[in-house]
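Read through the structures below before going on.
One chain, chain A, appears in both complexes that follow, with chain B as partner in the first and chain C in the second.
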Partner chain A sequence: MSLHLERISLTVGGSHHIDDVSLTLERGTINVLLGPTLAGKTSLMRLMAGLDRPTSGRVLADGVDVTGCKVEARNVAMVYQQFINYPTLSVYENIASPLRVQRRPKDEIDRKVRAAAALLRLESHLDRTPLQLSGGQQQRCAIARAVAKEADLVLLDEPLANLDYKLREELREELPRIFAATGAIFVYATTEPTEALLLGGSTATLSEGRLVQFGPTAEVYHRPRSLRAAATFSDPPLNVATIEKRGEAIHLPDGTRAPSSGLLADLADGRYRIGVRAHDLLLARPNEGAIEIRGSVDVTEMTGSESFVHVHTGAHAGDLRWVALTPGVHEVVPGASIGIFVDPKRLFVFAEDGQLAAGPVDTGY
Partner chain B sequence: MDKPINNAAWFLILPAFAIVLFNAVIPMMTVVNYSVQDSFGNNQFFWNGLGWFQELLDPSSELGGRFFASLGRSALFSAIVLAVQVPLGIAVALSMPRSGIALALCLVFIAMPLLIPWNVVGTMWQLYSRSDIGLLGWTVNAIGIPFNYTNSVLAAWTVLVLMDTWHWTGLIALLCYAGLKSIPDAYYQAARIDGASRWAVFTRIELPKLRSVLLIGVLLRFMDSFMIYTEPFVVTGGGPGSVTTFLSIDLVKIALGQFDLGKAGAMSIVYTLIILAVCWVFYTVMVTPENKGARE
Partner chain C sequence: MIARRVVLGLYLAQLVLPIYWLITLSLKTNREIIGAMTLLPQELTFENYYTIFSQPSWYNGYLYSISYVVLNTIISLVIALPAAYAFSRYRFLGDKHLFFWLLSNRMAPPAVFALPFFNLYSAIGLFDSIWAVALAHCLFNVPLAIWILEGFMSGVPREIDETARLDGYSLPRFFFRIFMPLIASGIGVSAFFCFMFSWVELLLVRTLTNSKAISAIMTQTVSSAGTDWGLLAAAGVLTIIPGALVIWFVRNYIAKGFALIALWKPERARVGVLGIPTTRGDRLFITLLGSAFINLAWLGLVGPDLGWALALCLVYALAVFRLV
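For the complex of A and B:
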């Protein structure tokens, strides 16, 4: 099945939950909805499922208008952030429940339940009730229910958010494989850019109820069309600064002045905003053309393999804050004076309206 | 590990111990004291051993017959009250508005009877049900059904059950409402996506989630209805005859009406033990998790 959203909007009590979203999802694809909390991911999923009716726009399944069609009549499965299972039913009965509602024959139910349980490694827990399982297994049970149902559309709403780190990694690795076999449209909502990159497939970045950009995940990451798209798909947050280009030089509000080289060379004079991902902000000069920004360190966070160095630059009026991500453990004393470097070929330049004016071209993926 | 034993710590629990002694054990002991003696007034007591208990628990004796009859009435009353109020309370909680001013009003009206003192409730219903001047009693008679709780067994029981239901269903409803509120919306959504029926949602999601609040509700309602005194005393005084003489009413009749302190003492102890036993069973069911090793 292919699912086509045609200029969908959802307004509740005067506020736009979803604003004019058009999106086509193909059969057998993984689609990530990426955006911060309240970006509209859950609202959009509810519209796709048919739990809510859009205020305007149409939902087409294989070209057939299913806008007003209730969720029971569509073949949809959904997994939530909370571990949602029937508390008194065994794992087996939980997985079987949607099939029982569909009144499938007994042996077919048994076969499908066992297959789904095997896929999610729950075979030895079929007789238990969900509360006797660990959190990870409870979520596996919920996912197995979605698998067994063989839905055309599988919606996963931040399914790993309530799991601890190890379990999250483990399950995230398995998920694409599990659902690839079913041939369903697989939609996965997350707030974490890293998760989108790990899942691959296509990504739709959402912000304030609008679709910002949709395309293959790597492309959306490397070639954001707007400042908003780049900001949504950056973790740690995108470093953004306003620059002014005058002739051969660019000026930053903190007083930094640099020759306009790299991507900045071909721009017309005027004001722009640059976006630099944390890992492109370097503590050592990468090449001759790099722009150096002097500042002082606020704080350094070390994760073990990487360090986040928070820097602010400039006198009070033109204060800018930057976060640089560097490999290894760097002990930088807060308050220390430091130079951070931006390679003028590895940044995004946005026009004042937020549209991409220039971006790195050599990032073949 | 070698822990030093400091016996001075015992002094620290002395205040608590003294309070429990004063507040529970000593009054209880006076009852135990009465239950093993006989008195003919004048503050003269004679040792009777377990005589009263033997008589009380022997249905063929006069005292025993009376005790078991009252016990039966109390048990029947509790059973009826639970059978009516628990489903009704759940139904009320399920049909309450979800939000807004309607919900606030609903909560206030449901809670209101709970705030009225027992004897006031008794007086209200006594007047309300009277066949001469009571709105309810008069109306029922006017539509052709004879209704007089001073001479009809059915009418007397009906008034008491109605009164108790009016007074206490709100408690169950409020407990269930709180229990229902705590079920995440995602459960209902998931059930909808599964295509589960309303009945399946009730039995598979709502009831299991209500289990613990319902147990508390049933326990409270059982204890309260089994010990009910004031309201039937005010409304029917235990009559007509003795058809609404519950254990508590009978106990007071024996202790203060006939001044048979020995019989009343023995009866009090058995009464207390029955309630304790039932509460213990409930408590055990409640604290034993449905699933051993449950994690959440």
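For the complex of A and C:
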């Protein structure tokens, strides 16, 4: 099945939850909806499923208009952030429930339930009720129900957000494998850019109800078309600064001057916005052409294998804030003066209207 | 620890005393009841119970009452379940006002409706039937059941409804197969409250039937020849039993039902001078029961003028709510 959203909008009480989104999803693909909270991920999923009706626009499944179609008649499965199962039924009956409604033969139901349970490692818990399971197992049960149903469209709305780190990692690894075999359109909503990169497939970045960019995940990550696309797909947040190019030099608002080399060399004079991902902001000079920015350290966060160094530049605190992500443990004293470096070949340059003016040519990944 | 036991023991005695007194009364002869105060029946008699179980007017009274109470409970739940679902899941014009208006029905005294009901039922030939009482009681029980059930239903995540729709369930099938088992405790609590209201309600029953219900028949023990205390006590004991049975069956859910009151004004149980954790409801209960005993003591020790006893009760109430 292919799913086609045609200029979908959803307006509730005067506010645009979804604003003119067009999107085509093909069968057997993994699609990630990426955006911060309130970006419209859940709204968009509910429209895809048919739980809500768009204010304008059409939803087409295999070319057939299913916009006003009853949810019961569509072959869709959805997994929520909360662990939603039927608490009064056993795990077995939970997984079997969509098949029971379809009145499939008993042996077929049994076969499919056991296969789905095996895939999600629930075989030994089939007789329990969902509330007797751990959080991770409850979510596995919800996912198993979607698998057993063999839905054409599987929607997962931040399914791992309520799980602890270890379980999240474990289930995230399994998910693409589980759904790869089914041939369904697999849609996964998340707020975390890392999760989108780990899942692969295609990514649609959303912001304030609008579709910002859609394409293969790596491409959306490496070649964002606009400042908004780059900002949505950056964790920690993208470092953004306004620069002014005059002839051979660029000026930063904090007074930093640097020769315009690398990507900046070919730009026409004028004002631009540059975006630098945290891991491209370095604490040591990478090469001769690197732009050095002097500032003082606000705070250092250490995760063990990496350190986030928060730096502000300029005379007043808050003039410009930067976050550098560096491997290893760097203990930098707050208040210390420090130099941070940007490779002029490894940054995004956006025109004032937010469109990409220049980006890294060879991504080197 | 011992102090706590003593306090709890006294509290329990306070609760059990009226019931104990009722049971012993039912096992005494009228001569003994009027004659002297005895803790245990001196001449043990089952005559009062025998009267009730052998005379058709008595045992039919119980059957009559049970039939309209059960009928009312069923009607109330059948109406309240879909209504509560609508209030819990859908937004429609005036839903909040309608919801509150329902409760305001429950606040009106039954006497207000007795005469219109009498007039209406006489006109359509429904007078003096179990349907008359069962339908009249719906006016009070349906709103209550809707309010209780709505609370329970809103506790079930909406996503369960949606998951069921995505799974292919039709609304009725989802409601019976998935949703009703989820709110089983709410249904139990609602049934309990409907049952209790209908069982003890006297005014509408007497107005709308020809003295067939047990609560009406019990008043016949008072006649020009005096009051048949023993028989009245025996009937009273038998009246408590159905309520006690219902409480036994839904005992695990009742606390949850009462907790709904706390939704309006959340509170925590606190431990006062009695050394036991009490909530607002407990304190009210202790106040009411204690006041009854204060009045009784005043009647026995001082005299029939209860003005000062009432003042004493107020002081007692204040003390209970402050200290307990």
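Just so it is clear, the second predicted complex is superposed on the first by the 361 of 365 C-alpha atoms of A that agree within 3 Å, B and C clash if a C-alpha of one lies under 4 Å from a C-alpha of the other, contacts with A are read in each partner's own complex, and residues count from 1 in each chain.
Simple rule for what comes next: a residue touches a chain if its C-beta (ideal position, glycine included) is under 8 Å from a C-beta of that chain, and two chains touch if they have at least 3 such contacts.
Since this is a predicted model, take the numbers as computed values, not measurements.
Novice: Clash or fit: chain B against chain C, after overlaying the two structures on chain A?
Specialist: clash
Novice: Who does A:Tyr80 touch here: chain B (first), chain C (second), both, or neither?
Specialist: A:Tyr80: touches chain B and chain C.
Novice: Would you check which partner chain A:Ala118 touches, where first means chain B only, second means chain C only, and both and neither mean what they say?
Specialist: In the superposed model, A:Ala118 contacts neither chain B nor chain C.
Novice: Determine, under the contact definition given at the top, whether A:Val101 touches first (chain B), second (chain C), both, or neither.
Specialist: A:Val101 contacts both chain B and chain C.
Novice: Using the touch criterion from the header, give the chain among chain B and chain C with more contacted residues in chain A.
Specialist: Of chain B and chain C, B contacts more residues of chain A.
Novice: With the two complexes superposed on chain A, say which partner A:Ala49 touches: chain B (first), chain C (second), both, or neither.
Specialist: A:Ala49 sits against chain B and chain C alike.
Novice: What is the contact status of A:Leu38 with respect to chain B (first) and chain C (second): first, second, both, or neither?
Specialist: neither
Novice: For A:Ser134, decide between first (touching chain B), second (touching chain C), both and neither.
Specialist: Only chain B is touched by A:Ser134; chain C is not.
Novice: Counting only touches as set out at the top, which of chain B and chain C does A:Ala181 meet: first, second, both, neither?
Specialist: It touches nothing on chain B or chain C.
Novice: With the two complexes overlaid, spot the stretch of chain C among 42-50, 276-284, 294-302 or 312-320 whose C-alpha atoms clash with chain B.
Specialist: Given the superposition on chain A, chain C and chain B clash at 42-50.
Novice: State which residues of chain A lie in both footprints, the one left by chain B and the one left by chain C.
Specialist: 49, 51, 71-72, 76-78, 80, 82, 84, 86-89, 97-98, 101-102, 142, 145, 149
Novice: Can you name the residues of chain B that touch chain A in the complex?
Specialist: 184, 186-187, 189-190, 192-196, 200, 204-205, 208-209, 290-296
Novice: Report the residues of chain A in contact with chain B in the complex, numbered from low to high.
Specialist: Residues of chain A touching chain B: 49, 51, 71-72, 76-78, 80-82, 84, 86-89, 97-98, 101-102, 128-129, 131-135, 142, 145, 149.
Novice: If we count contacts the way the header does, which residues on chain A are in touch with chain C in the complex?
Specialist: Counting only chain A, the residues touching chain C are 49, 51, 71-72, 76-78, 80, 82, 84, 86-89, 97-98, 101-102, 142, 145, 149.
Novice: Sort out for me which residues of chain C touch chain A in the complex.
Specialist: 157, 159-160, 162-170, 173, 178, 181-182
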